[in-house]
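Take a look at this one; I'll ask things after.
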């Protein structure tokens, strides 16, 4: 049973499967992992944008994914918000900026842009700053992937219905194979989380259990340095 | 009551509204209308990708929107699929290509790429061909909007959870104000249709009733030619 | 006589003018000024990449242009190098990185990324960091210009044959009117400086004396704030 | 002696070589050939934009390059002008459109967009239509190269100072290794042809004799199909 089955009715699900079989895309030989906005402002629910326990689970799962990627020399890239943007760069976001949910919690909050230690980010792993949902927009992500020779983008991060989805659409549009490890993404809102996973699986990406992604990495990824 | 209220539970909806008020973005003084994939292959449900009666309703509503836009010299742009792409340009679409749902209907089908007559497309209205979800990707749409001096993109078309959503994300990312007239978009799948409208309203765009969009056009759009 | 006339022979120049008249594009009503890489590492010739006296002249001319732009509420945007990029983001630059031309000068050098005081950059004027020649590449410049409602991009900066030219091509490709004030650009190499001005004038932009650009600004630019 | 030595003086050339050695970038293991605007309107000098005998030489050289690429399963992609664009898509080109140089020649002219037979274009070789100088702008070229797994872009075509240079800048900015085979590019104007080759060699690409490019292909390119 898929995670979206209690939300997307059979009549909708059948629409995609009725006339042709929906096969998975599969992983290529040069995967890379892109982790979007897995920063405290989207994790810690003392921030208005935090996803709380669901995000902590996703952080742990992503830490595990990154450990395997490091062992296999699969490139890892992080994308986070650029805190220095002016209003004319930010544009017309409707979402609130991250803020403490109460004044009381304010003094104990972690840096909103810090990456949790479970991710184990290393100095040679790029952190791309940006101001739009997709990790590709207004960044050198496409060129960085070209440099690595990437053919498959594994997308983890927060939130499923926001920056993960936008990054998946762009990776797909640039003709990468796209994989979303289900446990490595999180959202504050449950129904959009599930429906966006459904949308991505039906259109642009393989939404897979983390264990299966790791098994694919072991088989497909180079044992030798990717560069 | 919003169209998504029977699908997105109150607990999810409150997440967006709890800490700050979610105001609409509003229309600027130089809107343009972008109509995505409102072609027979996404309308006529004798095609596997057709949305049937819901799409016909959206076509009629979009025809009405376009009539007002023409009267007010608001630019209109269409985006449709490029039928001439090779596999290396198409990439890894999971969705099936449009096909007749049965052999029996095959001989009576309209051209899958034709725009229905209700849209009244005129020769001086650009039709951009592309192979990716967003009408901006791999096209001159951004430059065309620059030429018009556009500050607001009104997105109509099919499907809500596919090309409409991708186009909205890109328009938003390029700092346009974005408006989605609710009646002018359609999808084959009902729950994703509603949830994607919810996502767009919460993050990137104003999802508004068509009548309200037309009223805004009458007030904001130039009476003189936009160029 | 044009600045390139001693380098580009008449036989070449006639090729462009032989069959049709080459008219100027003209300024629109919503210009913006983009200043590319006018930082000490490209100015001070104790840096290997510095252009020396020619750059100082261009700085003074650009300062004058910016003063007029500020007075007329014409938006100003700066683009400089991002010092924090990793090798996989930088790619395959052949140019040397800025470095002291001798060890002896090292201790007295200004910060390579600092903007000279003559430019008078103010806090509300965006500085876009990037790692590629064009100020549009991997940045939010296009969106920032959309936010301003820009129809004309005035490009100043260093070097003419590098980042100025790349920025001009992208601005042109996005359907902005492009203007290059001749005194506001500089290069270390003289013949490429002149030939690139020729190329841009023939293809993509109006290369004009600064006084003429300022006169056009006085006539065309809004007296009221552009936003 | 380099082709630009009679135009770019020693004092300019020394600027690039004075402080650091300028090494070549080299070819990767997954090259692809991109041929820009090698169509009759840019070749046949009965068109106002035609380069005449110089272009015919470049066509023959490019035909030879393509033969080797086909033999080695190195992907080949063509980019040509899109004849169907409306003014708002075309923007502010200063260059004249291709036109017969005299009325007398009009009736005998080849289709301006046809690729000469020496190039031997085959049905499985994509032809990307576009309206801007760079073959990447408003096309799926980046995605097509991702699909091929390309790490090196070999750029041929017309004109050196126009579409070749713009394509080279974009390929470089996307972190491809870029190679320009000197005999495979042409221009109507001689000094800009030479100076643009100099600029590209100094900054973004390896400008090499065709024989050397072919030798590199034999060594580096896959003997097995690139996909």
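A, B, C and D label the chains in the order they appear, each numbered from 1.
Please note the rule applied: contacts are C-beta pairs under 8 Å (C-beta built on N, C-alpha and C of every residue); 3 or more make two chains touch, one makes a residue touch a chain.
Here the structure is a predicted model, which is why all the values come from computation and not from measurement.
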Neighbouring chains common to chain C and chain D, by label: A, B
Pair joined by the larger number of C-beta contacts - A-B, A-D: A-B
Centroid spacing, where centroids are CA-atom means, of chain A and chain D in whole angstrom: 37
Between chain B and chain A, distance of the C-alpha-averaged centres to the nearest whole Å: 26
Chain B: positions in contact with at least two other chains: 88, 91, 132, 138, 140, 143-144, 146-147, 173-176
Residue numbers on chain A that touch chain B, as the complex places them: 7-9, 11-12, 15-16, 18-20, 22-23, 25, 48, 88, 91-96, 99, 101, 132-134, 137-138, 161-162, 166, 169, 172-178, 188-192, 195-196, 198-199, 201-205
Parts of chain A lying in touch with chain C, wherever the complex brings them together: 75, 85-89, 91, 124, 126, 128, 131-132, 138-140, 143-144, 147-148, 227
Sites on chain C touched by chain B in the complex: 30, 140, 142-147, 149, 151, 173-176
